[in-house]
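The structure appears right after this line, and notes come after that.
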Amino acid sequence: MFEALLSKALILKRIVEALKELVTDVNFECTPAGISLQAMDASHVALVTFILDANGFDEFRCDRAQTLGLSITNLGKILKCAENDDRVQIRAEDNASIITFIFEGKDDDKVSEFNLNLLNLDSEHLGIPEQEYPCVITLPSAEFTRICRDMSQMTETLAIEVTKQSVHFKVGGDIGEGKISLKPKNDGKNKVHLEVNENVSCSYALRYLNLFNKGASLGDEAVLMIATDLPLVLIFNFELGVLKYYLAPKVSED
Amino acid sequence: MFEALLSKALILKRIVEALKELVTDVNFECTPAGISLQAMDASHVALVTFILDANGFDEFRCDRAQTLGLSITNLGKILKCAENDDRVQIRAEDNASIITFIFEGKDDDKVSEFNLNLLNLDSEHLGIPEQEYPCVITLPSAEFTRICRDMSQMTETLAIEVTKQSVHFKVGGDIGEGKISLKPKNDGKNKVHLEVNENVSCSYALRYLNLFNKGASLGDEAVLMIATDLPLVLIFNFELGVLKYYLAPKVSED
Amino acid sequence: MFEALLSKALILKRIVEALKELVTDVNFECTPAGISLQAMDASHVALVTFILDANGFDEFRCDRAQTLGLSITNLGKILKCAENDDRVQIRAEDNASIITFIFEGKDDDKVSEFNLNLLNLDSEHLGIPEQEYPCVITLPSAEFTRICRDMSQMTETLAIEVTKQSVHFKVGGDIGEGKISLKPKNDGKNKVHLEVNENVSCSYALRYLNLFNKGASLGDEAVLMIATDLPLVLIFNFELGVLKYYLAPKVSED
């Protein structure tokens, strides 16, 4: 038996938003410690993972580890029927073919109950080694979202250049070239922090960065780890756990 | 001579919104008692009627009964030129070929006058017998709108099941199944009231229910009457009269 | 060397909005007195001009007159990267092949720098004689925008009729006919003022008037000059200068 209770549907809606344009059918791995996910996009270019900590839920029970195959699209559809403030109950029997979501308002006079068919999906779990990154950039997630969105009007590739003094987001193309530069600052939730052991300059596909930024509604802060020979990692921490996106650099233009 | 004065264009805009996706060319039947309409959608599946009470207008004069054939699309276009708070004057001579709408702001320094060509339409007036319905559900129109809209993401058919204790809105399909349940409550404008002489379970095309809900801006309260062997009636009462939509049930899936 | 400093990017964004649906590649003529532009739309039906006064800039330096050929589309793209309140620095060397735009927030910790490639465009500067117009209509730009937008739902041509007492905006077509009438009033920023030496009635293509009204965000007041045998001129005055649109009348329908 798997059973979990969340006090607000909003967080589940945001998780689905963070995933649904990148992946379609995914396995939720449920254990007594929480729920985890690892999924590649259809073109096998980007990877997304999350861990939802059992302690972050109002109630959490998972008698034995089980894999729940879910359509993110369909989960998104039923979540439209939940108000942001609705309590959410999630339930699946052992070896179940369906998973049940129950949304309840504070008044108890409206109850929405949905049974989603579970999917039998191939599970190809990658071991992702914990890596040391020479550059770790912490910046407001709204700022990074805006930079990627605005820059993608001009071109498809974003170069990120980091030194101890500043981080540059650079684009080039037929129309000319552009560069947005941020310096570290310690201004509460607008904080920009650079942890740089080695200058790095790498290029990434803006299309994927824009998809990753759908996760920005989960956390005010984005953590960006880059290295020449490792995939970029974009991390959003939130009350229930952590969401990570991975993307390999493009072959450098220099 | 037909002449009517409305203190606010907004109500006329809302009536047009309530009609324009369901019907195109319609006959307004004007009598000294008011204006009535009865129209079927193009596929002859749904019916909409309204009665606008002469007493609801600021002024109303109709020397003799006449039928005014109007394009709802064109009426919608000229209403775009009216501010919500504009006074509206409507005028047509006996046997006229045009109908005149005059919109005036409170300052009198802006006047908009439109002459719409009247249409000569076949008039097939159905006698709709007053029927007793075993189930009458009163609920906030915004709630019913939301349920229908959200549920239509999943499937094309909505089953409505009513007992004395609660009303269930149910859908089923490839992705699983869902059910939203409301219990009676007496909470001012969020009131849910069930008048049930007999349990009923019927299915309806969500596409039409969604079109009907365009009328929800006219009234905070929706009244839903259902029976196994009669068309569903969805009723919105408003300051000027009453708007009713009719839809036959689908053949039950049970 | 050309160099200019603007205290707010917003005004530059609005200028680009005012131009970008009408023209694509244009020459900015820079002189010590300011920046001017004159451009025809692709179909050579409408003309737009502006003059930005050097004194309106926070700083302005133009060592010698030069022509800067710019893609309005690309300028619009880089301006998306500027916040409305950002300071803007514009810079081009003599005989330069690029023009540089630098956007800076008030905190100095974010700097965006873009180099746009300059274009080599044919320059066909028309001498536009200063003409006396028999009718000069001053009205709120939002009002004129709304009238043109609403009327264009009904037809493609707007007739403007002016007398000393009022200005009429008239449309006609298959669906009927309409007329919006404004009388002079002296009501602060809602002022309507008519300066009429001769009654005039002319017709214009609504498509172009709607494009011209993109300039309305620059000024609360629109000045409309019309004459039977001269192009309509629509003028928006703003803190940095003046924007003018020209459009020849259609052959009168009378």
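So that you can tell them apart, the chains are marked A, B and C in the order they are listed, and the count of residues begins at 1 in each.
Simple rule for what comes next: contacts are C-beta pairs under 8 Å (C-beta built on N, C-alpha and C of every residue); 3 or more make two chains touch, one makes a residue touch a chain.
Chain labels with UniProt names: A, B, C = DNA sliding clamp PCNA.
It should be emphasised that the depicted structure is a prediction, and the values quoted were computed from it without experimental measurement.
Novice: For the sequence-identical pair subunit A and subunit B, determine the rotation angle of the Cα superposition and round it to the nearest 5 degrees.
Specialist: Answer in degrees: 120, to the nearest 5.
Novice: Have a look at where subunit B meets subunit C and say same if over half of the interface residue numbers show up on both copies, different if under half do.
Specialist: Different, since most residue numbers here occur in only one copy.
Novice: Between subunit B and subunit C, what is the gap in Å from one C-alpha centre to the other?
Specialist: 44
Novice: Please list all residues of subunit C that touch 2 or more other chains.
Specialist: In subunit C, nothing touches at least two other chains.
Novice: Under the touch definition given earlier, write down the residues of subunit A that touch subunit B in their complex.
Specialist: 71, 74, 77-78, 80-81, 98, 107-117
Novice: Which residues of subunit B touch subunit A in their complex?
Specialist: 143, 147, 150-151, 153-154, 174-185, 187, 192
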